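One chain, subunit A, links the two complexes that follow: it is found with subunit B in the first and with subunit C in the second.
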Partner chain A sequence: MTSQLQATDLSSVKPSKPWKPSKRDRIEILLTLFASVLISLLIVGIKGWKSGGGVGHVYFSGLTQMKGKLAYLAVFFITYLILDFTVSTIRRGTAAGKDAIFRALVTIATTIALFPIISILISAWMRGHKGLHLSLFSKDMHSSAFTDPITHGGLIHAILGTGVLVILSVLISVPLGVLTALYLTEIQGRFTRPIKFLVQAMSGVPSIVAGLFILAAIVYPLSKSFNGFEGSLALAILMIPTVARTSEEVLKLIPGDLREAGVALGGTQWRTVAMVVVPATRSGLITAIILGVARIAGETAPVVLLTGGADTINTNPFHGTIGSLPFYIWNGFLAGTPESVTRAWAAILVLLVLVLVLFSLARYLGSRKVGGK
Partner chain B sequence: MSSNNFNNDNQEDGQGEEMSSNMQTPSAAGLAEVAGSRKQNHPGSHAMGVGLEARGIHAWFGEKHVLSNVSLDFWPGTVTALIGPSGCGKSTFIRTLNRMHEFIPGAAMAGEVLLNGDDIYAPGTDVTKIRLKVGMVFQKPNPFPSMTIAENVLAGLKLAQIKQANKDDLLEECLERAGLWNEVKDRLNHHGGSLSGGQQQRLCIARSLAVRPQVLLMDEPCSALDPGSTLKIEETISHLSSSVTIIIVTHNMQQAARVSDYTAFFLADGGPGEMVEVGPTNEIFSRPKDKRTENYITGRFG
Partner chain C sequence: MLQDSGVSSVQFAPIDLDKVEKRVLTTTPRLSDRIFRGVVTSGGLSSLIILGLIFVFLLYEGYSTLHSQGLHFLTGQNWQAVVDDQNRFDAVHSHFGLSAMLIGTLVISVIAIIFGVPISVLTAIFLVFYAPNAIRKSMVTIIDLMAAFPSILFGLWGLFILDPSGEYWAKLIHKYLHWIPFFNMPKDSLYFQKSPFIAGLVLAIMIIPIVTSISREILSQTPLDRVQAAYALGATRWAMIKNVAMPYARSGIVGSAMLGLGRAMGETVAVFTVLNIVYQINWHVLLSAGGNVASMIILKFGEASPQEVKALMAAGLVLFLVTLLVNALADAIVSRTGKSGR
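Here is the complex of A and B:
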């Protein structure tokens, strides 16, 4: 009897996901969203209508554009919060209602946090794409002025210069930062606490201070000239705390029994750290480097103070002035003509894309597993 | 054998250290005698001394005295199980045997651990050499995450900078001895983490074997594993016991009875942990001399 029942059941069993929202749930969610949009349109629309013009005009053009957007969003979020809470409470009880409030708040916070990023990307594209052309990547500025038509000259000297500055800063700050983190987590000597404090304090150093420090410590007394290396030193000062703190965090995540296992196999502490602990944190250390590069790639003040900003290609950081994207952007805005400002926005776009490519590459390298699996 | 004298009845907490420290040395000596007579294949054991001897081991964490006066001999080719409730100092004790104890901040110890007659705590001792001879398997399987299965097994060679001519043979031998070869021989280049928990633990055993230890310490090696994997590890232990001295900490008394030749019962009765009784496993489990041992193995406490 039982087995027969099971046999019939088995043939008709289909995989299903009963925990997913049902059709009715989905309609409910859509209705809540739709109602919130409608209500906020109504509320903000009435406001806009008072200041003159139709509802549609207020949102998409005119002086009150920013104001209108903000008001629209705020009203929408509040309405959605209340509606979602009410519907959830009625349908599934108080607990579900509170859950809905929390969910809505988290969504709102995320959206608000994403706004600046997205609007930066949009405005960089809107204002910069007119300045994009192929010779940006083949020409420098030695025979063109910023006020020339935008098809004259290019960015190559700035791109290469930024590359040189960043690579040199990485070479200086990654070993120092990672070794500091290893001291803090693996050696835990007598100076752990003061060093931890100093690293934290250093991460708050304004970039102009780092630049002025190199200016006062190296440029004025010693070299008496600007070059890329001095810029890299200042950038490294800014990068070390980021690398050290992030590396420290990932090293702390490595379970102690891995270290014990290494030592129990007859390894010295140094060999255990080098062969077991550091390889285990590889992707975390790459994240640390990414965050460090992110900190410095667009840093302007030390670069303006120390590198001199050449208009021609110079890949030798130890001799002569060197161009860079932040310097180029700064120069472009400084010149102030429509052409130069467009150039600056195009350079911003290039800088953003470069950083993005760099990060994706680092992520890809960091996530690859050993043994090709 | 003389430890009989002290095991007459239920001893109360207050009777304390004096009493128990008296009883341990004789019982350890008793073990030596028993082991000498039981293990005929280890001639000269009474004259030459045993492979690993703990003499009056005490341990502290900061001010806290966690282990008091444990003396115990471990004979080559035997499996010794350390049993007792949590916090009685079993793990602390085995960690003093390969100098892993000193890794815990605030740790201190007293006593001697003689490996082939030399005190491993003597000044000038190369501690990495000690740990090569006295290997360790941990409670949680901990294969090195950045390494493949093969690299994990051979990691000890790299860590201790041992030159090895034929690594493939050693790899196969160690995995074979750990009972893992058949399961992983086709995927030696896979991640160590891709194995199941039980396989990972056998991988860790293979890893310890690659540096050819004389003694293998196992700190609750099966407590994170399912019964099937536990059985496999126990089979591995019995295969290994002919060539390696094994000391295993376990909370599973059936396991102690199944795999060990000798069993030592540890207990912390308010004060520091002590060794209450040691003897051949069948005797400990059939006719314990101390009432506290009997209470523990019959499940009346702990």
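Here is the complex of A and C:
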């Protein structure tokens, strides 16, 4: 018996996509969502919000005593969990029900994780932008106090000071961090495993311990005064692990072919690394440095312990106290009056913008192909 | 050109094979390579040297306190630097005991772990197994960005934005769960603001980025063949995660939680900003009193006498060793990833 195969016109057959939600599935999802919103409104009540944030006219007081935006969210999530579970169980059995519950859980967890980030960004802007004005970037604080009205004084000494501290820490930490990464990827001697562990351990060193260490090792026995260099040393300790680990990741991405080609052309290991491997990772290494800078730019504890916090512009890290953005924020917070706290928020906004710019720069450089020019 | 080439007239001298120097084939590195390797190795050892120096100097400065207080430094509950009438340090009546702050450190970091780790791990699962590509990429960027936020920003946010609503939640918890000893309050003290509970929440938010990114990395290394095998056997996504991904990534996730614990223990400025630091042992997490070692150091440092600074150095040494231990454990656990599971 031979079966006759009918020739089908393949171009007319539409590929089926069984994994895509069908129309019915979509309606179901929408209905579940809509029902959850409705139930949470029923339970918590419907109110109009005044523009100032207070509770305005109450349209419907709700079935329970619960109130507030948080109650809406909580009730909505719980109702959605239950509804989703019920619908899936009825239509596709218990396994699908469990799957639906877990899917809803991870979505909720992700929303909760995003919530504080958004809240932090919004509140930094809402509270900080009131303190922003142009003379912030041209005046220092030598003739004004933190409790003065916002328009007095400025941040320029703190911005320059942070710049000095950061540059100095980069100069100290980048060679050490990159050498560590090179050891881990190029040499791979017998210390590879312990050094990996130590770098990991070093990234967990609390910032205050780094500050105390510099106090014990340099300030008390040697200099007996505060200056920017000491602050940079402490910051460098915090920066080395970030630089080392990021550069290690980048160096690992360089294909072994490049190294072998370098050696096969008669290069020594030194020349291969210096002329082939490191140039190929240039943008990656810059990313490592930028991420390290973003890590330390806002570090407060060591700066408070070590730099002394000047009110005037001081760009000499080896002599005299030096101001910085974290120190300015710290002082503004400690002074405790509305004006000083607004100053602190304004300085935080400046710091945050700095970190954001650095971070996007790192992302941009990091997203380019490794090895490209 | 041609006239002086004299090609035809060249006489080949017989070669005495015994006198020719043989080209040496060797794997010994050249001088430049030896220098290079030396420099890189010594640079690589910098982390060892720095950690060693931290230990040595903190021990050197803190030794007198550790010696005079003995084990009392870890178990005592008082922190008093007494001076006599000539303003000299009175070593006999001064007590430096760290237990209140050690317990405070433990309390708020455990709260941070309880809230932070489940959220982070579920977020990591969402990012690896559920999120569409575009959402995953932007979420990863946002969460990495959060890791770069300055800690004082978390502190101020916690104090001015989280604390007022946190007080409301704390009152709710107290109202309904006061029969649990931790959520009870001492009589007549109903100050819910600036409590270890709030500080723990802030720390929970601060450890979300690190725990999420490490768990995500480890979950995404789940062998694809096992994942596909599970799906081919008809597993739902939840069944696959429960039976394939979680067993594979379990130790890595535990390790990332430990790393988060290490971060939470060493946090200084955020805790100082949010918490009402009171030097007493306080198990009531909703009460407005608490502290941790790091924030205590920065609080006392400003007006400390030289002897008290030595005691603070010793406290820093304890903090250093504790975080080092936690990180070592975490590292050991993370590196075991993949050896468990089916």
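Here is the rule we use: the second predicted complex is superposed on the first by the 243 of 373 C-alpha atoms of A that agree within 3 Å, B and C clash if a C-alpha of one lies under 4 Å from a C-alpha of the other, contacts with A are read in each partner's own complex, and residues count from 1 in each chain.
Rule of thumb we're sticking to: a residue touches a chain if its C-beta (ideal position, glycine included) is under 8 Å from a C-beta of that chain, and two chains touch if they have at least 3 such contacts.
These numbers were taken from a predicted model, which means no experiment stands behind them.
In the superposition on chain A, A:Arg127 makes contact with subunit C only, while subunit B stays out of contact range. Once chain A of one complex is fitted onto chain A of the other, the partner contacts of A:Asp257 are limited to subunit B, with no touch recorded for subunit C. In the superposition on chain A, contact of A:Ala234 is made with neither subunit B nor subunit C. Look at A:Val87: by the touch rule set out above, it reaches neither subunit B nor subunit C. Residue contacts after overlaying the shared chain place A:Leu285 against neither subunit B nor subunit C. In the superposition on chain A, no contact is made by A:Ala346 with either subunit B or subunit C. In the superposition on chain A, A:Thr268 makes contact with both subunit B and subunit C.
By the touch criterion defined above, A:Met141 lies against neither subunit B nor subunit C after alignment on the C-alpha atoms of chain A. Comparing subunit C and subunit B on the residues of subunit A they touch gives the larger count to C.
Once the two complexes are overlaid on the shared chain, A:Leu165 sits clear of subunit B and of subunit C alike.
Residues 268, 271 of subunit A contact both subunit B in one complex and subunit C in the other. The residues of subunit A lying in touch with subunit B in their complex are 255, 257-258, 260-268, 271-272, 275-276, 279-280, 282, 369-373.
Those residues of subunit A that touch subunit C in the complex are listed here as 68, 70, 95-96, 98-99, 101-103, 105-110, 112-114, 116-117, 119-120, 123-124, 127, 175-176, 178-180, 182-184, 186-187, 189, 191, 194-195, 197-210, 212-213, 215-217, 220, 237, 240-241, 244, 268-271, 273, 291, 294-295, 297-301, 304-305, 326, 329-330, 333, 341, 344-345, 348, 351-352, 355-356, 358-359, 363. Against subunit A, in their complex, subunit C makes its touches with residues 29-30, 32-33, 35-37, 39-48, 50-51, 53-54, 57-58, 60-61, 118-120, 122-123, 125-127, 130-131, 139, 141-146, 148-157, 160-161, 165, 168-169, 205, 208, 212, 236-239, 241, 259, 262-263, 265-269, 273, 294, 297-298, 301, 309, 312-313, 316, 319-320, 323-324, 326-328, 330-331. Considering their complex, residues 98, 100, 103, 128-129, 131-132, 135-136, 138-140, 142, 144-148, 151, 155-156, 158-162, 189-191, 194, 204, 207-208, 211 of subunit B touch subunit A.
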